[in-house]
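What follows is a short report on a single structure.
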Amino acid sequence: MDLKELRQRAREKLKGCCRVCPECNGRACAGEMPGMGGIGTGAAFRHNVEALAAVHVNLRTLHGIRIDSVDTRLNLFGRELSCPILAAPMTGMAFNAGGALTEEEWAGAVVKGALAAGTLAMTGDGPDPVMYRSGLAEIGHRGGLGIPIIKPRANEEVYRYIDLAQEAGAAAVGMDIDAAGIIPMARAGQPVSPKTPGELREIIAHSALPFIVKGIMTVDEAEIAAEAGAAAIVVSNHGGRVLDHTPGSAEVLTKISAKVRDHMIVLADGGVRSGLDVLKMLALGADAVLIGRPLLIGAAGAGEEGVTLVLKTLGKELKEAMLMTGCAGLSGIKADVAAGVPAAVQLG
Amino acid sequence: MDLKELRQRAREKLKGCCRVCPECNGRACAGEMPGMGGIGTGAAFRHNVEALAAVHVNLRTLHGIRIDSVDTRLNLFGRELSCPILAAPMTGMAFNAGGALTEEEWAGAVVKGALAAGTLAMTGDGPDPVMYRSGLAEIGHRGGLGIPIIKPRANEEVYRYIDLAQEAGAAAVGMDIDAAGIIPMARAGQPVSPKTPGELREIIAHSALPFIVKGIMTVDEAEIAAEAGAAAIVVSNHGGRVLDHTPGSAEVLTKISAKVRDHMIVLADGGVRSGLDVLKMLALGADAVLIGRPLLIGAAGAGEEGVTLVLKTLGKELKEAMLMTGCAGLSGIKADVAAGVPAAVQLG
Amino acid sequence: MDLKELRQRAREKLKGCCRVCPECNGRACAGEMPGMGGIGTGAAFRHNVEALAAVHVNLRTLHGIRIDSVDTRLNLFGRELSCPILAAPMTGMAFNAGGALTEEEWAGAVVKGALAAGTLAMTGDGPDPVMYRSGLAEIGHRGGLGIPIIKPRANEEVYRYIDLAQEAGAAAVGMDIDAAGIIPMARAGQPVSPKTPGELREIIAHSALPFIVKGIMTVDEAEIAAEAGAAAIVVSNHGGRVLDHTPGSAEVLTKISAKVRDHMIVLADGGVRSGLDVLKMLALGADAVLIGRPLLIGAAGAGEEGVTLVLKTLGKELKEAMLMTGCAGLSGIKADVAAGVPAAVQLG
Amino acid sequence: MDLKELRQRAREKLKGCCRVCPECNGRACAGEMPGMGGIGTGAAFRHNVEALAAVHVNLRTLHGIRIDSVDTRLNLFGRELSCPILAAPMTGMAFNAGGALTEEEWAGAVVKGALAAGTLAMTGDGPDPVMYRSGLAEIGHRGGLGIPIIKPRANEEVYRYIDLAQEAGAAAVGMDIDAAGIIPMARAGQPVSPKTPGELREIIAHSALPFIVKGIMTVDEAEIAAEAGAAAIVVSNHGGRVLDHTPGSAEVLTKISAKVRDHMIVLADGGVRSGLDVLKMLALGADAVLIGRPLLIGAAGAGEEGVTLVLKTLGKELKEAMLMTGCAGLSGIKADVAAGVPAAVQLG
């Protein structure tokens, strides 16, 4: 199956939830939650896409790099990944994806699909216990090759979820702290909330695994995460689904990365749709990116193979973009790859 | 009744005056006066909406705030309000709202609806004496819980209107000085005009109630109002209905607030459509905001209950937005809540 | 007849040449020459409108100005005008206006219509001798109350045209120097060309009447005109009809005016559609403005009365805009009337 | 045949490949490769057009230049050209132009059509040997009046291609180094790749003809080309067809030209659609421009005559634009011709 056919199938399966638009930019689906859209006016989702589009890229072809020698490999949490592209944690297939997949089918597709592409999936958490469990089960079956992300539940519950991740041998574990206001969690009797720096420190201290704090959009909270002992942050506005009118993640990435990247890993997500977008995120200061909606489309269209196809395509595009910008390896992707960066996207 | 149904009903009742657009931004109704549009090309109305949209918001979830402890209460003119969201003064239902409500129905809906939401309504003035009288009567019936706003009539007449407000026990009184050029007033033999600083001082001196000057868009006029003894100003371009091509109020709010907020209360209106917009106005320097068109839609759709529903929804959204931006109370909403503010919106 | 009816009639008479769009901005008619559009892509026409729209206006109502005391009078070339709004020179009714009027009808309508509105018309020149002659004849019949504008013909011919203007007792005379590349002139055996500073000096020396140089878009050419003895310049890109992609006149007006206004009169045209646009042009540094297309629409719709109606409406709007921005007279319209002026429009 | 008819015919012949849009800006054809579109989202193609549109032009008519004395001639590689407008190298008619022309027909039309317009064509290279051969054969038949551009093949092969160009007596020879990632070349067993500065130096050393490096978008690579001995560079993003999201060439031209133009010829292409666009490119620092898509449309519509007509029209428009901006000859087109250049387009 090729991408065109995959997308056509996904369009049918996701009918009512996702139009699989030619350009996935949050316009058609603004406010569709449940569904695939951004919250409210959809501005936060749109800002992700617009901030990336505003970054222009310097074409360079006078160098010694050859397509076969472009190296996109990355060592992350002790594992070698084929490329700096991970699957973002997503759950709620019943209401967000209209039941196109069960929670278990999704978890299977994304964990196995990512492994087949040489990289890793994050799996999610949600109001129904099946959500965390499905992802973790898949990770356990694959020898721990995956990263469960826990909602900001009460600390005692978080400890229990971390313990389960450790038992499953997960590569790392984390928390999408920006889910602190999600209402269906409270409705289901599993309240979430922001975490104080102290609470975060205790959570991280509890974890024997590298800990990722997902949902950082300011320098000050990046520093809190670093001081609390996080191994990594994800610069992310949760796909524009938790607070309307936030900046696009690419808008704030550079200034955050400039402050904390010496001490921790900096991941980013939000609006990444091509290998060139991956390159831009890395040029702005990320070590790797997460992909959300395109992988759900991949899974809806072709299951595990769909996830792999989307990830491999992104990896291939990244390789080509690196060749055309003169980057032999990921460490060579520096700020000077970006050109004509608008004022709002300040290079560090 | 939920908001969707309310809006559907309002759409029917306001047919010919207001389309109840998905995004209320002054485009479809440009120049529709009488009606709900902005004057002329509608640019001043649009600027209100665009200036707010241009303010991005910093997502923060590493803190100790919990949704139940977020405090949106405000003490204004000696009254405690549930949230910093008041009803803006509006009149002219016969020509602006196509008679969907009578002047008395509107006054009743907005004054009672605001009280039921724990906040206050301003009521208006206009060419027909029923306009000022309807609002004031409602305020009187509610023990003075409302704020009548007087048009910039001849001073002697203003004194009489202030006296009536005092007799009704109103919480405060004010003048929408930016209505100085409204032609139907002159046609009805009740001319309005700008006020000199001296005239304004005399008016304010006449009032035993806290006095609000509504329609300030420059630093110099804010200072005139402060020196004349005003208790508050409203940074406002009158919903874009008195002069085309003015800036959006969010564009000028910060520099005005920076100059006068030490000495007086700073309110603002113009394009506020969500609790997040309220948060933005407060981050830019307002103590509270006024809501106009959305409340008229609320009243047209469901009377007093409609007004309450719209206000409570905004209050709830504000609470959620405060949680997600790390603001425990209104005094915690500072300039650093705003991110990526464009050059035109200078933070003080 | 009101403006709505006038515009409806004009729409019928100008069919094929002008759509009489709700917003006259050069989009629908891009490249329509002959016709009413801008040259090429229509960008120069659009820039006129966009540059004015980008200027925001400060609302001010705390002052002592009353609508009846707003004074829009201007003394220009020894004549008192009711308002700073003149008719721009236009010709070529047969090809540009589809023959909706004859050249003589147009000249009559604009010269008489402007006088009836208390102001003056400029009349034009073109490949057919009837064009200059029609305007001049009307001016002669009105005791010289009009200003003929001559194309940049050979100097000897210009002298002859100036002599005719003097004989007609014209208030002033001028040249639209930016018509230097107009091809139909050459085709008709009456070539035009740019003028050297020396040639311009000789032309102006020849004229006993105040001389206006129309079509200045840079500081250096404004200074050449001043040194050559011009009484006035018109900052203008010829309605976007002589060179595509020029700036809008409002974009360059301030820096030009700042350099030469001490020594000469500065007029401006390009995209002025409302009294508020007139106010903006004056705030940016013009002494008065010229109106083009809206007057042709006026004349097509209702002849002389149409011209008067359009001019009086603009004058009335200007008065209202002055009231609402705190300007008692034209000399009170200063740079601080403009707010939020974008970088491209630098205040002097 | 006039341009209108030419375009109508081209629209029919290119059906499925090119819509011959009123404004050729890469929107309708985004991602259409094979075809005429830009790669990926088409952003790089669009940036070319947008960067040129963002450059405004200063109208000047107070000078001694006459239309008949405007001199657009240029001496390039020892040949005098009628104007600074060359044909860009294009190949792949079978897949990019839907077979509307054969490779030989295209080569004949563009080489002969350019000569008839008094200028020169570049011819291209591609996966099928007929591509390079067709262009070179035409150049040979015309006494070498043309410039073959070689893909960045293996150096040994490049030497052979250069030798062929020398044998044909070509005016110059060059390499579109930005084609370093083109996949159909590799598939056809003729791999391309970036070139190291050393490899480029060897290639240029091999050439007895002036050597052009096409596809420079950064200052650093322009300096590499200069140091390697190139006679000229073409600032170009390959019509937006090799890497998405690059800047428009007009965006980077000035800073590149400022660094290297003392030592070499600077050509540019990308989005040039009118003589005024040519003028802009020269004002931003180019010695001459290349035209791509409009010439393919010309050839599809009317063969050799179509190419000539498009080039002559551009030359005529350039002449008119020079008259209206006060430029007697090409050396007079300086940075001060550009006005209101946005920040992204920094003048050197």
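Just so it is clear, A, B, C and D label the chains in written order, and each chain counts residues from 1 on its own.
In the analysis below, a contact is a pair of C-beta atoms (placed from the backbone, for glycine too) under 8 Å apart; a residue touches a chain by one contact, two chains touch by 3 or more.
Bear in mind the structure is a predicted one, so any value in this text is a computation, not a measurement.
A rotation of 90 degrees, rounded to a multiple of 5, brings the CA atoms of subunit C into register with those of subunit D. Taken over every residue number at the interface, the positions common to subunit A and subunit B amount to under half, indicating a different-residue contact. Note: centroid distance subunit B to subunit C, computed from Cα atoms, is 41 Å. Work out the mean CA point of subunit B and of subunit D, and you get 58 Å between them.
Not a single residue in subunit D touches at least two other chains. Arrangement of the chains shown, judged by which pairs touch: one closed cycle in which each chain has exactly two touching partners. Taken in their complex, subunit A has these residues touching subunit B: 40-41, 43, 47, 152, 177-178, 180-181, 186, 193-197, 200, 213, 215, 217-218, 220-221, 224-225, 237, 242-247, 251-252, 344. Contact residues on subunit D toward subunit C in their complex (touch as defined above): 23, 53, 55-67, 274, 276, 280, 320-321, 323-326, 339-340, 342-343.
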